[in-house]
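Just so it is clear, A, B, C and D label the chains in written order, and each chain counts residues from 1 on its own.
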């Protein structure tokens, strides 16, 4: 059906990448124990332990909203709070899932340029909110890496937030919807980007990286994962045929496709940005660092592009146009889009 | 890996059937809008409307625990209750998911032969519980069709329960983990087995029927589905790449594989039962009506079978051995199992 | 013990007023049915029906946090949202109670001068938030009357908000922590301030008005109160000896003490404001309309006053000093406080 | 109004005893800091520490349902379970409050003669339920002392349950709705009946002991009370004018009224039982040990008594008549009731 879809709407519009599919097919031979008691799941979990160079706890759930909500609920009681950026996906795009799953934990919104929290912006929020029993007790800092604006937290920025977290006895959660893109762009090891810089739990997204679905929740502090398997089961997040989530993960890890896919998406976005910058009147909104570009376009250009069936989002409350690249984005398609922008801009002038 | 697994443990040990896989592959061509705004999802939903001969509301979620919990939560407030059989999956095997999702609704357990509620056993429970504000208000009757004991509710039994439900102003929820098996075994239309006999909402299971994962929640009373899409999203049950759930559903429906798979599983179980009955000392525990056989075997026979790596469950609190058949069960494997039983029985005598 | 407490900290530092106490003593003669099945509770509920000139549903709970949370939970599902002022008590001072009780409803914060929402500020928030299933669906506007800043919503302002609510299909909840003070100050009937101008549910506070404890929840739309008694019971808000909440309410209503107390508190605050305005260098922060005055005082003056054991709050995120008056505030005490300010200010200059 | 109420319905039909009232009046002199930051609350908490001979954590909430639910929620996550007697108040009479407050913890019902769990009956339940992630993980044993059937756990019985709890790593919660009656009847110290025999948390009821309302939650293991004040606040269980709960508690403790009231109630029940036993055809249902008597009476006798406006309950699912005595029960009233029974029985024969 939609196979010729013109889109830069989201990296989750893409299908299953060959490596993930290949392992899914392999996993489909014969029967296997349900609920994760199969060899694929064991191997995939071990794969993450090797990748992160630590004996971590690994859980597989269906999607990112679930991963974020369940891991935050593991860190928070109902009367605790999570400090996140006002543009954080957990705030803007998960329909209150963290509040629901934790039975009421509050998200406290902080500001910060380019979609990033800073130690200073977090501290400001802490100072401005009651710190007694009449307000939820602060418990967690949630970061998104790469951010919702396709920017990155550097190691130094992570280290500063880690210090603040230790000072205030806060845990650090990372929404890794595009964690692979961050690893590639920052050229740091997964360990450096997580537990070596204070991250307690990471939600590592598979679907945006090329899988059909599936998210890995990785607890670097194993104590925080106590009884977490019960939590997943109770929340309807324990797959009976788990192998169809875990085997594709193994495919991504064993073949290196997780890096290849992320690198391709990042490079496409870089190319996209360069082409956009060549067009007079187009303004890049944030420093592009991962697999998305945010541009300000004239309203009539946007209208014109939509009329040609190009799909893309504007970012709620920010405006502009978000152009996401994924593992299956092609340079040819970017060129077409650029050509259409230029044509529309021409009509503008 | 586990491709030669010797198992009658569960129909969710099986892999993806060819028809579901075929449609999944087709859906993997190109990109598609996320979150169910794709053509596959639209067609699959329409497929269910046609199948059930009614303009119902259809939602796709990841698994059966989620489907049951979310649909019950749509029918119940936290201070309401659900009457179910003491062997119901929602009670025994979902780790309190209904209570969690509904924020506290109580399951009230009723008895009944062969894993089935009766109008009388429901009424007995209603009489024995407080009907004032000090106890959760009764709101829903939950049935499993086919039951956890592989038995069936006849049309007459459903009609009697419908009458009772109307008398007490109760809604009817059906856990259709093996609904396809029931349709085949009862030789009634899906409509007759649901809304024509009082069912308000059905959770129709795809994974046990041959899919990788995916459950359809079908509200026959559309008013009960108000804002239900928000509920799914908030609970982490909205797939971004929804087409990989909905396209396989379409595959099952369009090709008739949903019936073929269920019929095959039922016939295997029937054959299994007949072979078991030929063995002296083997006792069938419940009248087999769908795709599972429950047998009482001597303890040393069970030990002997497990030693040969046969996988199967015994049913909590009931004992005996549960032997489930699925779309990929083979007569040859059943024959091997029967032979191993006979051999072990021989040693007994 | 604390009987000579120097305080303008809160109207809930005051004790029980004579009329409430008198009825509590009367209610203490002999035994009475528990859980509200007593005559006092019946009479108090009828008293509210008469006061509000409508056949409303009345429930008594222990405190304001519970009243707000339970009534909001009756209006919202977990995936709904409540629009309130950023200074609203439900946001700043209830420790996430609304989120907990509703199992996750989100509070959406709007701005507005003098602690008041306006139709425009509500509409702005509605425009800036996603209106699809990825964000909680807007369901309720919550107002505080009198506000946390001791200001008032006029009938015209209420009417404008009512229009907006109707346009967007939103319910209106009023936190009436100081509703009595608003009735007196606005010189409007309780009916005009509520259901005649779109209010669906009011939480009417007894403790700040002179009771030991107890809040009345009044649903003007009886359909919204369906099964609400179960909700109260389940949330631990059904008093066994209910008469000790309801009889004092009856005392306030029958004797008119609810108005007398509120009028006294308002007049004290008015006097307080006038005396403060006479002092050079003292700045009133908001137009005082009910029983509290907010003033900006030099830091050393605040320190000096605290050193003399005066108790008062500053308002989180706003600064300044909040001076609340209650039914037992005395002019003499205000004069002493004014004298102490003047003395401290003198030292300043 | 109801001052001449003929009742043995419940000890919560009684009013406020003189000692509790006296301290409430004292606490009403002048103003006091809100939310428990007053001297009365401090003294009452210290009073409990002295009474229990341990540095425990003490919290005051409004009623027993809240106390039980909040303390269980402090011990349980949503995917945990609580083992209690099938007649436990938390199961039969709190409208699902524990499930709501804990966001889904399951109550597992065990049997046991005379309303009491035994180590054996608990162990049986543990054996009959799944112990994997598909069923809530067992976490707490909840006892009621004195039980709902007015029977008592002896020190030996408590010790046996303590051993079992340690073996299975379970916490012990005690619903002390009538804890004072148990202390008097068993003639053991509060410490012996609680932490010296494994109890982790006690909900000590004030209203049935003579207060208007108010329950003390006592954590003997202080670690279990971490952040519990936030939990109370969020659940709407933090009284603003806390002194009106804590001062009466202090009154009961300082004057010894808590023992006097309980002793009186127990003695009345003992007298009641003796008089009932003198009547031919009356059968005592359970060994009376605290302040209630359960008797089997002919249906027409019950009808006759109700016709004379006597109020009493029959126990759901058990039948018979429950006759509760309280601090204000009089022998004269018991004699009248006995006389009315005899008269009605006479008509029977």
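By our rule, contacts are C-beta pairs under 8 Å (C-beta built on N, C-alpha and C of every residue); 3 or more make two chains touch, one makes a residue touch a chain.
Note that the coordinates shown come from a computational prediction; the quantities given were computed from them, not determined experimentally.
Give the label of the chain whose average Cα location is farthest from that of chain C.
For chain C, the chain whose C-alpha mean is farthest off is B.
Consider the two chain pairs B-C and B-D; indicate the one with the greater count of contacting C-beta pairs.
Pair with more contacting C-beta pairs, B-D versus B-C: B-D.
Take the average of all CA coordinates in chain B, do the same for chain C, and state the distance between these two points in whole angstrom.
50
In whole angstrom, what separates the CA-based centres of chain A and chain B?
About 34 Å, centre to centre.
What's the distance between the Cα centroids of chain B and chain D, rounded to whole Å?
Those two chain centres are 42 Å apart.
Would you give the residues of chain B that are in contact with at least 2 other chains, written as numbers and ranges?
78-79, 94-97, 100-101, 103-104, 133-134, 136, 230, 233-234, 238
Which positions of chain D touch chain B when the two form their complex?
Residues 78-79, 81, 92-97, 99-101, 103-106, 128-130, 133-136, 316-317 of chain D touch chain B in their complex.
For the complex, give me every residue of chain C touching chain B.
Interface residues on the chain C side: 35, 77-80, 103-104, 133-134, 136-137, 227, 229-231, 233-234, 238.
Could you pull out which chain C residues touch chain D in their complex?
Counting only chain C, the residues touching chain D are 1-5, 7, 9-10, 12-16, 21, 24, 27-34, 38-40, 61-67, 69-70, 94-97, 100-101, 103, 207-208, 212-213, 230, 233-241, 244, 311, 328.
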